[in-house]
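Dropping the structures in below, format is structure tokens.
Each of the two complexes below includes chain A, the first together with chain B, the second together with chain C.
== the complex of A and B ==
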């Protein structure tokens, strides 16, 4: 059949145009903006002043941005290891034919269907609250002094703990779908050969889940790099150093904060570029380290 | 049948055209509000718009944009979106949106508008002309529960730091925590104290050049807070997570809180009853550079420079911020009236006089919040109230380390 090139272009045009306008253009504009001095997000190109890498120098010399990067790393590494390990463990348990697995799946996934605003409010006001929070009730019941869970030392970790609670169910479902795709005869053969459950996990489940693990690491990295809502909810009045993350810093830089009228869209664009580079680097490293296509089943 | 159907369709078309012509005939002004539908302020604005339409025939089309209106305004004004009136912090109207604001000087003069000199003068200083009209003024200071003071036998409001500490001691003896403090406002509280010692210009010098440890005022200000904490004058758990600590003033377990006047409405709403509020200016310190300045801010209204109905928009603004509707706003949203001739709610007694007397209002941490390490500074201010520094000198040395 002869190809009708015009028709192909016509069918492709809407998608290509949308992609160019809504994705490629903003990305290119952001990258270009990051090397210009731009005050307002909507300033015309004629008002931009080229300043090379000054925006990057500025943000990397800014103590608040460095703090936000440190907080991001804590969320990404500590939160990531705990969330992914916990969700994998739960997924393995829930696919091992235990009783009430349907109930447990639903219960663990439940936080994902609740609004993050409601979830964070619950943690801040009812679990971490100094006077009547669940944790301090427990602490005083055990005979210890109350703890300031949302003090400057602990607030980041409290926020990470709450975020982990809200995220485990999502990653658990991804792992469950991966585990259920592994042929059961592999486990039956291993059982006949006398392999323990632990051996089966490390020799069958984990190697065959490499592709899924890679995906979840990328998803988690994107979640951590774009972390915003939880930080806002744990610092509702104004940005705080203990919970600041790069996107909050970006937002405050572009739009100004409470009582702050200074704005710098160019520096905000530089933050966006740095975050994108971080995500790409993590993606490339996980691609290199976890090759999923060397096993077939 | 076909004829009947044709006649019905023609009649419908004529009716529709007639309606359109009628709608086009009336004037409509577009108002972008910083409130969300259903909030007390929004309810008053919506009711005022209806009353204004009934009186003048001018329809006010309100769009509720919420607190993040600042993220939309620059782009929308720049694009020439259909906006006649917009509402935001007067700082931003005066310093960020100036390019798109209408000069209100002549209309204000013709209308005999007075308002508060501190906001009008500041607007003119920033923009070069009057570019906003005060709608919801705010004033800062020490808000206290009068019942708690009475219970502790305190009759006079303190005016100096020494008197303030005496009041704290009496409250503590009466079993009432003297001062509530949420972590979200530690920067505001400490900034207030610093202003008393150094003034905002003195703080700006420290922001630009460092030298906190060499500044006797800064060291003493930090030492005062450390002494306050060590004396046990903060409410249990303070600095707490907003709004836990400030709510204790409403519950009667704490007596005072340093904040702006909206704290009264927030606490009243949290405890579900009208607290017997009092207010006094932040105490002065011995030998301090700035003994009396009080924080003052405002949400204000501005008219877009390209508005096709500036006079109608201005008339609606006057309708809202003076007389009957301003009084309703003050009463229903528990706010300071924008019209100094109106009456403040009982909880805010004295605020109108404070604002009228304020010649140069104190900013919200304005001399520090542009420092690149402002985020870390805020954390350190909270740590100061957490009692993490041995002395004022230690705190100031840590501040210098940020430079």
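== the complex of A and C ==
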């Protein structure tokens, strides 16, 4: 087809402007900002002073940031293992010969469609509520004492549990599409050979899902590293050590929050870069460890 | 349900019982919670605090919805979110569709770089861009609703362009050739012939853009100044935070239901399309 340069230019220009303005320029500026001393976010480049890795040294000596990293690790590892395992289990169930598959898939994915703020409010104001909450009603019904689910000790885990419940549906759909891509004759052959359902899962399904598992690990890492909303809603007014995550720390450092003495946009940028590096490193490692198999099917 | 199952093949269904239990427990939990929230939105704060929610001892308190809608400003938040979602859905199509079409049709200088850039942009975390965007907005004096609309449009351009690119690529070149013979300009051919051909993709991608914009929270929290431009997510957070002073639990749960309803209804009618769209092309929804 004939190349029409004017058309190409006119059709591409808005998207290119969007990419430059919204992504390329901001990312570069954030990276550069992370090695400068920038007190106020709105100050021009002229007021920046280069200070090497001082911002990074500063955040890694900050107790709040270290706590936020520990909480991130809990969300990433514990939350990740449970979410990915649970969604894989449900995906296997919903691709087996079970009735009402469509309904169950739709219902389990539902939390991903509704406003996460509404969802988190349901957890905080109802399920975990001390006086009239669902869990404490269950606990008293079983004859135990009420639990302070949102007390300092339990809050992080309560938040992770709520986050997992809402996330499973998304990963389930990814696994389902992976499992449905595996030809059924593999399972038929295995059944004829007398392989049990469990054996079939570990010898056929899991190895062939390697690529999908890789994708879900990357997605989960991005979600855990940029975790913000749930933490904000579990500690809405004041940042708390039990639920602080890196992005909360970043927000407080850049825009100010209770307990922040001086704003520091450079340090905030450094937090962003650290999180991005974590995501990239995890991505590279999973790519190396779970090399896409050469199996053809 | 149990009976019909038995009539069909109870031996098989019994073997699947553990599977049924897992998914029924998972879904049942959500049903119980939603039922209670709806019940609470129709109860007085006193009934909620004393655990009398599903009894409706004093009747249905629809006035909770009126309070939430008017006194707690949900009407403003709702209107803002609707405006942001509808306008940005349209804006994103106007920007991304032509680019997706051009990228699917021709190779030109930088086309490969733009493609890669689009794919990477989809997974750039918001924290890497908000700080410079904030200072740009201040510097250029862009404020109010228009700022969030522009941000929401730009946020969805990479996903929308990549999603539509695959669909344009499947269209035959015959359409354009026939149109060219009839003397139709390339520009007109795109808007009148090519774009309508990928209507199913447009609908799916627009649903995802709508959901994403309606549920967006982080950008809204940073860039909203003042209640007249606050969307539902941030608005709900404000209602929760003022609860301590107002003590109106019924109104809070009514607000939760109002915020929950639009995307839920959309999902009710479109769940098949949404579910198949989530994994199409392996892109994040």
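Quick note on the criterion: the second predicted complex is superposed on the first by the 271 of 297 C-alpha atoms of A that agree within 3 Å, B and C clash if a C-alpha of one lies under 4 Å from a C-alpha of the other, contacts with A are read in each partner's own complex, and residues count from 1 in each chain.
Assume a residue touches a chain if its C-beta (ideal position, glycine included) is under 8 Å from a C-beta of that chain, and two chains touch if they have at least 3 such contacts.
Everything numeric here is computed off the predicted structure, so don't read it as measured data.
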Combined model on chain A where chain B meets chain C, clash or fit: clash
Touched partner set for A:288, first chain B, second chain C, both or neither: neither
Partner chain in contact with A:113 - chain B first, chain C second, else both or neither: second
Which superposed partner A:24 touches (first chain B, second chain C, both, neither): second
Contacts of A:236 with chain B and chain C, given as first, second, both or neither: both
Contacts of A:11 with chain B and chain C, given as first, second, both or neither: second
Chain B versus chain C, judged by how many residues of chain A each one touches: C
A:150 touches, of chain B and chain C: first, second, both or neither? first
Contacts of A:256 with chain B and chain C, given as first, second, both or neither: first
First, second, both or neither for A:63, with chain B first and chain C second: first
First (chain B), second (chain C), both or neither touched by A:33: second
Stretch in clash, chain B with chain C, out of 23-31, 59-67 or 347-355: 59-67
Set intersection of chain A contacts, chain C complex versus chain B complex: 41-42, 124, 131, 236-237, 255
Chain C-facing residues of chain A, complex: 1-5, 7-8, 10-12, 14-16, 18-19, 21-27, 29-30, 33, 41-42, 89-90, 93-94, 96-99, 102, 104-118, 121-122, 124-127, 131-132, 134, 137, 165, 168, 170, 173-174, 176-177, 215, 219, 222, 225-226, 228-229, 232-233, 236-237, 247, 250-251, 254-255, 265, 268-269, 271-273, 275-276, 279
Chain A partner contacts - residues on chain B that touch it in the complex: 70-71, 74-75, 78-79, 91-92, 95-96, 182-185, 187, 236-237, 239-242, 244, 363-366, 369-370, 372-379, 382-383, 386, 388, 402
Residues on chain C engaged by chain A in the complex (per definition of touch): 5, 12-13, 16, 19-20, 22-23, 26-27, 29-30, 32-33, 36-37, 40, 48-51, 53, 94-96, 98-99, 101-103, 105-106, 108, 114, 117-118, 120-121, 123-136, 138-139, 151, 153-155, 157-158, 161, 173, 176-177, 180, 186-187, 190, 211, 214-215, 217-218, 221-222, 232-234, 236-237, 240-241, 249, 252-253, 256, 259-260, 263-264, 266-267, 271-272, 274-275, 278-279, 282, 284-285
Touching residues (chain side chain A, partner chain B) in the complex: 40-42, 61-64, 67-68, 124, 128-131, 146, 148, 150-152, 235-242, 244, 249, 255-263
